[in-house]
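Per-chain residue numbering starts at 1, and chain names A, B, C and D are given in the order in which the chains are listed.
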Amino acid sequence: MLAEIKGLNEECGIFGIWGHTEAAQITYYGLHSLQHRGQEGAGIVVADGESLKGHKGLGLVTEVFSNGELQKLNGMAAIGHVRYSTAGGGGYENVQPLLFRSQSGSIALAHNGNLVNATELKIRLEQQGSIFQTTSDTEVFAHLIRRSMAPTLKEQIKIALNYLEGAFAFLLLTETELYIALDPNGFRPLSIGRLGNAYVVASETCAFDVVGATYEREVEPGELIIINAEGVHSERFAEKRPRSICSMEYIYFARPDSNVDGINIHTARKNLGKRLALEAPVEADIVTGVPDSSISAAIGYAEATGIPYELGLIKNRYVGRTFIQPSQSLREQGVKMKLSPVSGVVAGKRVVMVDDSIVRGTTSKRIVNMLREAGATEVHVRISSPPITHPCFYGIDMSTREELIAASHSVEEIRQLIGADSLAFLSLEGLIEAIGRPSDSPWCGQCMSCFTGKYPLNTFQE
Amino acid sequence: MLAEIKGLNEECGIFGIWGHTEAAQITYYGLHSLQHRGQEGAGIVVADGESLKGHKGLGLVTEVFSNGELQKLNGMAAIGHVRYSTAGGGGYENVQPLLFRSQSGSIALAHNGNLVNATELKIRLEQQGSIFQTTSDTEVFAHLIRRSMAPTLKEQIKIALNYLEGAFAFLLLTETELYIALDPNGFRPLSIGRLGNAYVVASETCAFDVVGATYEREVEPGELIIINAEGVHSERFAEKRPRSICSMEYIYFARPDSNVDGINIHTARKNLGKRLALEAPVEADIVTGVPDSSISAAIGYAEATGIPYELGLIKNRYVGRTFIQPSQSLREQGVKMKLSPVSGVVAGKRVVMVDDSIVRGTTSKRIVNMLREAGATEVHVRISSPPITHPCFYGIDMSTREELIAASHSVEEIRQLIGADSLAFLSLEGLIEAIGRPSDSPWCGQCMSCFTGKYPLNTFQE
Amino acid sequence: MLAEIKGLNEECGIFGIWGHTEAAQITYYGLHSLQHRGQEGAGIVVADGESLKGHKGLGLVTEVFSNGELQKLNGMAAIGHVRYSTAGGGGYENVQPLLFRSQSGSIALAHNGNLVNATELKIRLEQQGSIFQTTSDTEVFAHLIRRSMAPTLKEQIKIALNYLEGAFAFLLLTETELYIALDPNGFRPLSIGRLGNAYVVASETCAFDVVGATYEREVEPGELIIINAEGVHSERFAEKRPRSICSMEYIYFARPDSNVDGINIHTARKNLGKRLALEAPVEADIVTGVPDSSISAAIGYAEATGIPYELGLIKNRYVGRTFIQPSQSLREQGVKMKLSPVSGVVAGKRVVMVDDSIVRGTTSKRIVNMLREAGATEVHVRISSPPITHPCFYGIDMSTREELIAASHSVEEIRQLIGADSLAFLSLEGLIEAIGRPSDSPWCGQCMSCFTGKYPLNTFQE
Amino acid sequence: MLAEIKGLNEECGIFGIWGHTEAAQITYYGLHSLQHRGQEGAGIVVADGESLKGHKGLGLVTEVFSNGELQKLNGMAAIGHVRYSTAGGGGYENVQPLLFRSQSGSIALAHNGNLVNATELKIRLEQQGSIFQTTSDTEVFAHLIRRSMAPTLKEQIKIALNYLEGAFAFLLLTETELYIALDPNGFRPLSIGRLGNAYVVASETCAFDVVGATYEREVEPGELIIINAEGVHSERFAEKRPRSICSMEYIYFARPDSNVDGINIHTARKNLGKRLALEAPVEADIVTGVPDSSISAAIGYAEATGIPYELGLIKNRYVGRTFIQPSQSLREQGVKMKLSPVSGVVAGKRVVMVDDSIVRGTTSKRIVNMLREAGATEVHVRISSPPITHPCFYGIDMSTREELIAASHSVEEIRQLIGADSLAFLSLEGLIEAIGRPSDSPWCGQCMSCFTGKYPLNTFQE
């Protein structure tokens, strides 16, 4: 499954609010619902019309914020961030929002995405005397703004945005304004909602449900939204291109209760499972999913085939960052960590194991093996996405193709490697049709580059 | 659902091992798999043949133990405990195992259960000069042992066990021996397994799967097992009575991958859901369960009725003890905490919501309301157990019947209170037959007292 | 100096107050002024007429108590304790006051001293079924009270006190009463004072000065004082013996601003230095003292001889428990830890180095060497007390005579060992006359056993 | 005394080493000996020839560094810093050394001093697009270096140093070089020493004694020293001006065992006391000093007058940052905090109280009052420096003259305000002659501006 490469995923979650007396509190609950997008760090910055105040830290939202700290963050506007990885050398200083103070006013930045030209821009800025305090891509954006000769902050931001290439969803807060921007391809989801008179913005709509807000619309690719005392104002900083929202949001990243670009995630995944059942049926006794991200697809597969859906694999909910890994000797003696098979369910059964993806294959191999040891007589692996054959440059850190098993192995070879009785992936067409986005582009507005090698920006084409 | 009364459940989890060079490490993983039985505190005590060493603390197993602390706990035998509640005034000193040192040797105690005559025994012991350091029932057992005039520790333990009334599963570790005891009614589950040459004992068999051990048998009601350098020896400290294992273990407490007295929990719960479907079918569009404990029953209900099973409710996995509760005003504005509805799934649908139980009814009411706000057109509540009409005295702290809504209201009244379109509970017969224990007693060896008021010990009969 | 044997000193400090609305706060400042008597742990228990509440921890008073914790300790009476050593295996549970709760009422205990028959009493109590939770002597006293058949707590306490042998100063707090007791020899200092209408009791009078209280009198050997709503009441639990207050309180333990049994400590030490100058003068350029305890004696020596007093040795004030000890290689390269010589002051000078005592001689050797390396041309060591030749059993843990260099070496042999140009100790007569206690006993009411081997209780006589 | 204005003193301590396998460890002990110069934060950065690694934190050196963290800092060169105040808004990010990474190499900065044109430079840099991450003056220096067009780092540093005005002693570490610079007036002390083959540099020579190093020479005003693989190289970045070392280093800041510019501090202070005795003798019974900084002067005063020196005031050693301040009501009841009088010493006596300085007068008033309450019949205050009449701009933050009592009151008026029987300050000539610097300038190379209003840089002249 996709989670198997540590640090593979550069996903993050962002949340913002304008015009609410409990802005920091709302942001806390919003971030909490986006926690699945990043567990390494969290932070909130508030604006009270005169200054910015922030608090951030390493760990979960609930670990970073105590009630006392939250109370101190008074103000009518706030932005927040949950950070996935410490890629880049990380640590505390890379936790966002990043806060930049100066004599002429402060800006706070929260960013979800990956800038493909960040290093190049950073070198140029340093040559001109800029000093970077973090190893985060995001800081490049701040320097570009400060370096701009444009007369107003809005113009500075627009110019700076045009320097950036890649996937980005930005929230920028000043003492008196909230800026929202999405890259011209719209790789990342970003939605706008209302909470009474307040405006909210979030990476996923589940945050709206949790804070009691109502969904309004998606932020458009290339759009720059400014919210201040005078109201909401929308501009374009770049021409609209066909949307290329990341397919993995549907397959793996997003929470089942979110709607991404209008499509419910649980439903999309269940449809992936149903389609997979049509494309690759198998005779078996039970269907089981790899928790948590493959449950919906497994239910769909079971429903479409009529094979009973069972809890054949259990995930321990209490595995945190402080979990002590078993020694090699204990692992060989059979000590399990995160996932364990339910022998009472799988023993003597032909099992269909549905997972969302295969990256290196090692995790799949381990799970297949686990199911067999628990007594499964057959294990049929069904993957609710096509083979991942190419690295992603917009938010998933797969430095080379070498790690991707499907880049160099056939399906049959992979089957042998993971030890399954049969193996099938979903087709590209199946993926698109099951998700069911309106077909306004060759790929229906989805980025499929990790399956096809065709990159929307044409930069990395092979 | 049963979790709705804070501190209601006095459940705990215990784990022990004898004869393994990494006894503390194995216990760590064992306890980790039992974490669902108690999140308030955890501890491990090891014996190395000459002394006992222990570490314990408030919080999750992963929070209490760092690798360094675990490394210090070297020894070939260990017992461990996860504690559910701080009932009794709690805090650090009540976290188990309790460790009692003396000139003549030390004993460590880990206890799962509830002694109904603990206060009475404590008063008598204090009148004779004993000083208690905890407010835990468990300490009474230690004092009874120390007060006994019997010549050997084994005899002292047997006499002490006979003073106790209620539900208890005890692990007692000395420098050189491990004692295992289960109360004469066998209210609590306690299983024995093997890990190579080592013996393991645990509240649930999922711990065996996680550490790679194989299940051997249940500890019998009234049995006292002694493991030492000479091997394993079994005695009885009390005559065998018909087993009265707590029905709630099947309905709510145990982990789906455990087998309790030979019956798999997920399968039992799925059968409860199927039986419920037969007893109380309804025309609807989707079936959803309240996570986590009701998922299996909901899947069973869906399977038996043919109505699709969907993720209509999402539980936030990251709610920990440090979660900041929303203010009243935020709650009124719609801020959700732990559970949120998936509007993309339930909107415009007739929903069957399957839950495991109703205690006070407030949670059910909240969930029904949540589903309606998310757009459900009908909400039909199905409970996979009979109405709880009587307090439990063996491990569930329901001080009075007043809190139990089913003690004073009819099913129709409850339906109105929780705002459901229809409501049905499982029948007593349905419960017994679905779980399917061999019928060696009127109640098939299950304690049904919270549903019937008929208490196995006859002490609290009305 | 005396501090050189780690864990040598079993001294502690105790403080109590009755009848003040800010009892816990006053106790905090009182304990803070007694911090020199113990840095390992601190605790406070308050009584509010109905219950006892306490807080304690490892570390300094300022580390153990935050303002929030102190605020919670509301009540009109309090006792507190600072603990010196972790002797006995220590840790959190041994930090005092110890708090014993029971159905019939609670007691809290704070103890300064050493019971010579504690182990013997503990064995007997355990044989009768008592369970000890600490390895502290003090707990024995609690069990003796609880085991007593006497009808009232006061009678129980008096009987229990008569079981005890050794040095003890006890504060015992119940919900409604404060008990104060001093052993029949009065080994330890314990004074009573008034703060407005409140009563205060402390190990040293410096605590009275710090909290603004006025000194009233010493607690008498064998006296039991009870303070409750009816006022103050004094009884005897034992016949008065000649007082044997520890000489080391004057020489080393107590703070310079305290008066012990009416005699100011700084003045006593300065007189020890003056007397030493008369007994053992020497031609030299400067006098320096080993900080902190020998400063007063050095000033006295300088004043009596006319040799200038200088700061020849500096103590780093910031050496705490978390100080990282230098590696052996760094120590050999000359890295100093706690004490460093002032070469600007000692270079080219004949130095008189005044210290309070020599125990093993290793520290003296190190300091003499340090002074020579800093350029001193001669180093004359003068000790403001007689040679320590015998172990102490009443509060100083010198298990055998073997560690005491003066038990087996002549003054000349010690001089050679420590590398001094000359060495002299104060005479026994000099010690007594310089301190100047009224001569109501052969030893003027001082315990001199570590210098003479004559033990007040006759128990350990050689 | 000078410590009475919170945040008054911007002093810090710096330490560096080049060419030692345990560079970080040596720096730890060096910083530890400089702890009196700053207790708010500490940090160390090491260079291993290829990269810089650092660790820093709020609190004492012993609190910030654990053994584990120190072990990770391997490398042959290191610089360290102890920070006095959090002036500037402070917090973690302002703790030094500041570490600036870039594609072209990293620099770490440790700074003792105060830049008088920092704000002006910062505004200019921000206008050109620089982003500041701290509110520390020191960061300005880093930006000036990075902005410089000069071809080599050394040239960049020299140009940057010439932008700076005020007092500064800088250590700058790169992967391969250590730079040392002192401002052209030499306001701050900075000395060079040897430790075997290694070079060391420190704010005070006491650090050399503690690590076993030998003193070589002072860094000269306007000197830039570069140490790298090729050896030590000295240059000038500015013409030499007459040295203006801060008089307060002799009077108050430095540790008694340090030599500042060749003069021992304890000896200098004792001479200040002796001179004060000549200038302002008084008939009295005892002399006492205000601990710790006035002890040496008091001893000198006593020696010169023949009046006995006594410990009339005691400082509690355990007052840390976590000390709970007494409430107003407790303070009125007489609760003391840091300092308490020794009534056993002062009662009935005519007391000479020697202090190093008077800033606002409130502390002096409190101490005089304290001594009277303890029974002193007369209190004669003698100050071992002239009246402070002007603010300092080079490291002591006295924003306005209004806080300085001596700026607006005569000696007699101050005497009345503080309630002394007599009051005398040392004369300007007395100060210069007692310290005894070689008279190579009108003020003997000392900055006397706070006593005279004559500022070396002519910038702030009135």
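One rule holds in what follows: contacts are C-beta pairs under 8 Å (C-beta built on N, C-alpha and C of every residue); 3 or more make two chains touch, one makes a residue touch a chain.
Remember, it's a predicted structure, so these values are computed and weren't measured experimentally.
Undergrad: Keeping to the contact definition above, tell me which chains border both subunit C and subunit D.
TA: none
Undergrad: Among the chains, which has its CA centre at the largest distance from subunit A's?
TA: For subunit A, the chain whose C-alpha mean is farthest off is C.
Undergrad: Taking each chain's centre as its mean C-alpha position, how far apart are subunit B and subunit D in Å?
TA: The computed centroid separation for subunit B versus subunit D comes out at 62 Å.
Undergrad: Could you state the distance in Å from the CA-based centre of subunit A to that of subunit B?
TA: 36
Undergrad: Go ahead and note the Å separation of the Cα centroids belonging to subunit A and subunit D.
TA: 51
Undergrad: For a test of understanding, state which residues of subunit D touch subunit A in their complex under the given definition.
TA: 100-104, 122-123, 126, 128-133, 135, 142-143, 146-147
Undergrad: Residue numbers of subunit B touching subunit A in their complex, please.
TA: My answer: residues 22, 25-26, 28-29, 32-33, 35-36, 39, 60-63, 65-67, 70, 195-196, 206, 209-213, 255-259, 264-267, 270, 292, 295-296, 299, 303, 308-311, 314, 316-320, 322-324, 326-327, 329-330, 333-336, 340-345, 374.
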